[in-house]
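Labels for the chains are A, B, C and D, by order of writing; each one numbers its residues from 1.
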Amino acid sequence: MNNILNQIGIENYIFLSVLLFCIGVFGVLYRRNAIIVFMSIEIMLNAVNLLFVAFSTYHQDSEGQVFVFFSMAVAAAEVAVGLAILVSVFRNLGSIDIDNLKNLKG
Amino acid sequence: MSPILITFYCLAAITLATAFLTIYSKNPIHSAIYLVLCFFSIAGHYLLFNAQFLAIVHIIVYSGAIMILFLFTIMLMNLNKENEVHKPRITRLGAIVVFVVTSIVLTTIFINSKPIAGEYPTTGEDFQSIKVLGKILLNEYMVPFEFASILLLVAMIGVVLLSKKEKPGK
Amino acid sequence: MDVTTILLLLLVGAVATFLAGDKLASKVALVFSLGTLGVSLSLLNQLLQGTDISFVGTWIDNPKVALAFKADGLAMAMVLLTTALTPLIVFSSFGNHFNNSKNFYALVLFMAFAMAGTFLAADGLLYYIFWELALIPIYFIALVWGNGDAEERKKAVLKFFIYTLGGSLFMLIAFAYLYSKAGSFLLEDLYNLDLSAGEESWIFLAFFLAYAIKIPIIPFHTWQAKVYQKAPTVGTMLLSGIMLKMGLYSVIRWQLPIAPHAAKEYMPILIGLSIAGVIYGSIVALRQKDLKKLLAYSSLAHVGLIAAGCYTLTLDGLSGAVAQMIAHGFVIVGLFFVAEIIYRRYETRTITDMGGIRTQTPKFTSMFMILVLASVALPGTYNFVGEFTVLYSLSQANLWFAVLGGTTIILGAYYMLKMFQNVMLGETNAKAFADVTSSEAITLVAIIAFLLFFGLYPKPITDLVEPTLKEILAVINK
Amino acid sequence: MEKNLALVLLLSPFVGFLFNIFFGKKVSRTVSGAIGTLTVVLSFLLSICFFSQLNQSGKPFEFSVFDWIQVSNFKLDFGILLDQLSLLWLLFVTGIGSLIHLYSISYMHDDENMHKFFAYLNLFVFFMITLVVGSNLLVMFIGWEGVGLCSYLLIGFWYKNQDYNDAAKKAFIMNRVGDLGFLIGMFIIGALFSTLNYAEIKTALAAGNADTALLGVAALCLFIGATGKSAQLPLYTWLPDAMAGPTPVSALIHAATMVTAGIFMVTRMNFVFDLTPDVQNIIAIVGALTALVAASIGLLQNDIKKVLAYSTVSQLGLMFLALGFGAYNVAVFHVITHAFFKACLFLGSGSVIHGLHGEQDMRNMGGLRKAMPITFWTMMISTLAIAGIFPFAGFWSKDEILMVAFEHNKVLYVIASIASIMTAFYMFRLMYLTFFREFRGTEEQKHHLHESPSLITIPLIILAVLAVIGGAINLPGSMWLTHFLEPILGKHEAHALGTHEFMLMGVALVGALVGILWANAKYIKQAFVPKSDAEITGFNKTIYDKYYVDEFYTFLIVKPINGLSNFFRTTLEPALGKVVFSFGSLANGLGTQGKKIQNGNIGLYLFVFVIGVCAIITYLFIAQ
């Protein structure tokens, strides 16, 4: 079976992942809406997963894919808990604007 | 230019564009929709690698489960309005700067971290079929696998507890 | 039997004192401290006969820390100083009443334990642990049982605690670095380490900061006077009699041999600083109104001279410094006890409130006078032996050092005699001064006897410590 | 056997000290006094034994008692050396010491702390013997410091008076200034020769190759030590103040013992000083100046003991003058004769003070000649001796000093001669004011005027006799003392008695007579009585106030040090403390400022977080 990377090149995937990741970062910094921030985090996670798979193929090794699988499991759990927290925040404060969440103030 | 490369470029363009739109849309519902598209395109990338198992799981978990959760939440909170106030200009500018800087730094580093060989080896071995992955997961990664399930269980319980309304006076 | 017996006995003593209850605590503490003195004397006997009384055991594998206690002449001399002064200090406090005395005496014994451990430890980390351990009991002793305004006391004691702790931190860093180089904390390994000049300098300075604060060398002395004043007399005795010597001992044992080249390089500055301390301490002492503060500054002056002796890096300097350490330990304990005796009767430490005591108690006056004279190093007292040797070594380094350091014999006489005059002499005080009790007299006589005996016959101590000092000098001049 | 005897000689006064300290209060005053005296007498007798033995054998007796201090390049033992010089000193120290003890039994009989007084006196004698018999400089230093201590104890014997205590403290501290010099000198010698033993130093020096420059410094330092102990310029001011002590103390310190320690030391180390002519010049000049300054101050003092004190300083100056010219034998001669007549004078003045119940001001005396005939006559003899009248002891010794001075340096000779004339004047002024004309004190004092008891007068008589015949030990011609000391001091050419010498003697005698006549004219013929303190003006006041040297020292040294002490205590100490606290404040301040960053703005946190991650990654990449 032919290695797909011979036709695409790992560096393309690196660029893609990095850009995707940076878009995620950008989103986290740019938006105030906690849900969107959450989505940005998901985008970052996916960027990383994508790179994992790419390198998994690069090395012709399945470990990377296994790791992505676990990462997805964690992401699922994280989203569930995170959204629950957001819901309860919304219930208490009536808003999920992160600039309003200042309880961390020392 | 091979068809595969063209496919890759198309998919990449979709991925990036939808990701960007996710962040850029003012309406959270739109964001969620764009994100679904983004996830699908990523699943496409997986397919391109012939990682069938991951592609399927990805679609199920992300596009299926996670996105539904997002949408539910948005609707629950009645957030499908475009009334979000922008952050201050300085913050947005800063965000853009950080975006650029991070991209440059990460790209440079990844590119430089290891010289990329012109030829990519092909072992011919099957390493990513569902069958193989299944074996690996349940043999070598048995314990983490079980832990993942426990994690999900715990997360579930946690979510239930978190979202339960506390009775006043208790 | 090896040296761990001493440590164990002191530790057990501390626990036993704690368990004995308030009524018996002081007696139990005395018994245990005397027992320790007996044990250490018999150990000394063994050491003199050539038996090896050191102890090496394993403790932690990673990082490699050994439970190593090395008992050579120098360490034994310092341990004996500790175990001899502890019963004296405990006994001297029999005239006082302490709340929760079981805690108090347990802390005293625990402190003796930590200090003896510091003197014996031959493993860097172990040494560091003991070094810091000694700080805890004195902190509580000074804080809980001290005198004066509670807020001010808290401030002074906290300052002392954080200051010395902060200084020691640099020592810990130095040890960590040494460990990374040598792969062991053992004294011998650290001695044999080859360090570059730059490394030595940094390590030397890190050690110096820890020791300069503890000793203290000016300008790191600012904690001293206040703490001495605020601490209960027992605490002051422990601090000035033994704890200061921990710093000086460590200079000889750790700082100089580990970083000998840096020591040689910085020698003039270090001696200069130490001698500046001598003069500064003496001058500040001149006009002190508080008896304990005056003694604190006199102590500053004396340890300055000792430190100067240490930093000459000669056998004379070191052996003089050791002699002076021991002599000063005894004399300062005696002097603080004198201050306490006066306080018990007059409830004041302000010198101007005293005066005219001599007529009422000639015995006490004589003993006080002898202590004052010992403190100004009159020939015939052990202090003279130390001071003479130290000054001689300074004169070999540079005559001006000896001249400047020698001003201590003038200024020291000035402030001590002035103090004596204002405290004891003059028209008979209107307030009655009860004669010294027999327990007070015993303590003072023991101290005086020690000082006079070794003043005339210092050979045993010199012979005890000299081989060790020669070894250390061999490492320094390697 | 000899060793034991020597130890008995040394320790006997110490035993007396111990007895009087521990049991003195329990036994009666006479017993405690008697024990104190007998122990010193025992030492005196033993000294005579050793002296006669030495006279026969001619061999000095040296042994080590025990090892004492050890430094790297040499060992110091507690060694005892009994040679010509130390035995000579022992003789008059213990001899005069015995007389003074005897005298004190009566003089101090009414004092409640008499046993202590004897204890201190005994200790004093013990340390003086230690000083003299030591075979190395360090043992001498024990005695050196020890006599300083005892003078402190004795001057401040009446400790209820803080002025006396101040005087005692001053004596101790000024002595210690000198002691520092002694120590430094000892260090240099130790470094040079690796020994402090006299004989060994001498041998090493004889072998040559000593660094003369360094040796000069050592000699100078030793001389500074001597100026402290022997009250020379600039450290003499403690001695007149030391008159605060009981009079026998003044006699003991000023006449026989402590003040001669400096001369003893210089004589002992003569082989060092001989090699350092520059230092010798300094000694001669300092001695001459001291003689002049002290004599001039003595001219106008009204306190009988102060006059004697300044006269002592002045006489010591003359001795140092001789030492400076290398005429050690002459200096020793004068030390001995001076010990006789000065002890007599002090004890006599004590007798006067005793008779007047503590009155010391000569303005309130007068006409005591009849009431106290023995005191008067003994003092008169001694005064003639100190003034240098033929054939009393002082004449011979002082004349030799002047002769030596004349040979070496005419200027210093003139200075010394002027000092001698002044001496004659003020001593006779003292005699005239005290014993002649009518009594000027209160009626009550007059009523009680009486001669002192025999315990006081006997020592006076003995000393007066010695003051007459004392000169015999070194008469020109026989020169017994000079020959006796030859083993230590080397050969000194005896002066041939030519016209030159007779002329000088004549000049000295005439000078003394001029002084006496001057005093006679002023205090007998004109019946002049010194004015009260307030009326003294002009230059006289300057002299009466001792040239304001004390004030000068106070202004120059004591005040600045005290000021510095105050400055350190009130300003620098808190400032240093603040520096330390400033670290604490810094930490607090950082916390307060840092708290502001922790403002709960998640957006900001994220920014910082991302930038931090970038920075770390970049660093790791670059560091790779």
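Everything that follows uses one rule, which is that contacts are C-beta pairs under 8 Å (C-beta built on N, C-alpha and C of every residue); 3 or more make two chains touch, one makes a residue touch a chain.
Just so it is clear, the structure is predicted and the values come from calculations on it, not from any experiment.
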Other chains in touch with both subunit A and subunit C: D
Whole-Å gap between the CA centroids of subunit A and subunit D: 95
CA centroid of subunit B to CA centroid of subunit C, Å: 68
Intercentroid distance (Cα basis), subunit D paired with subunit B, Å: 100
Whole-Å gap between the CA centroids of subunit C and subunit D: 37
Contacts with 2+ other chains: residues of subunit B: 87, 91, 94, 98, 102, 106
Sites on subunit A at which at least two other chains make contact: 25, 29, 32, 99
Subunit D: positions in contact with at least two other chains: 603, 607, 610
Chain pairs in mutual contact under the definition given at the outset: A-B, A-D, B-D, C-D
Interfacial residue positions of subunit A with respect to subunit B in the complex: 1-12, 14-16, 18-27, 29-33, 35-36, 38-40, 42-43, 46, 49-50, 53-54, 56-58, 60-62, 65-66, 68-70, 72-81, 83-88, 90-91, 96-97, 99
Complex interface listing, subunit B residues touching subunit D: 87, 91, 94, 98, 101-102, 105-106, 108-109, 112-113
Subunit D residues within the subunit B interface of the complex: 603, 607, 610-611, 614, 617-618, 621
Subunit B residues touching subunit A - in the complex, by the definition given at the top: 2, 4-5, 8, 12, 15-16, 19-20, 22-23, 28, 31-32, 35, 38-39, 42, 45-46, 48-51, 53-54, 57-58, 61-62, 65-66, 69-70, 73-74, 76-77, 79, 84-87, 91-92, 94-96, 98-99, 102-103, 106-107, 110-111, 116, 119-125, 127-128, 132-133, 136-137, 141, 144, 148, 151-152, 154-156, 158-159, 162-163, 165
Subunit A - residues contacting subunit D, complex: 25, 28-29, 32, 98-99, 101-106
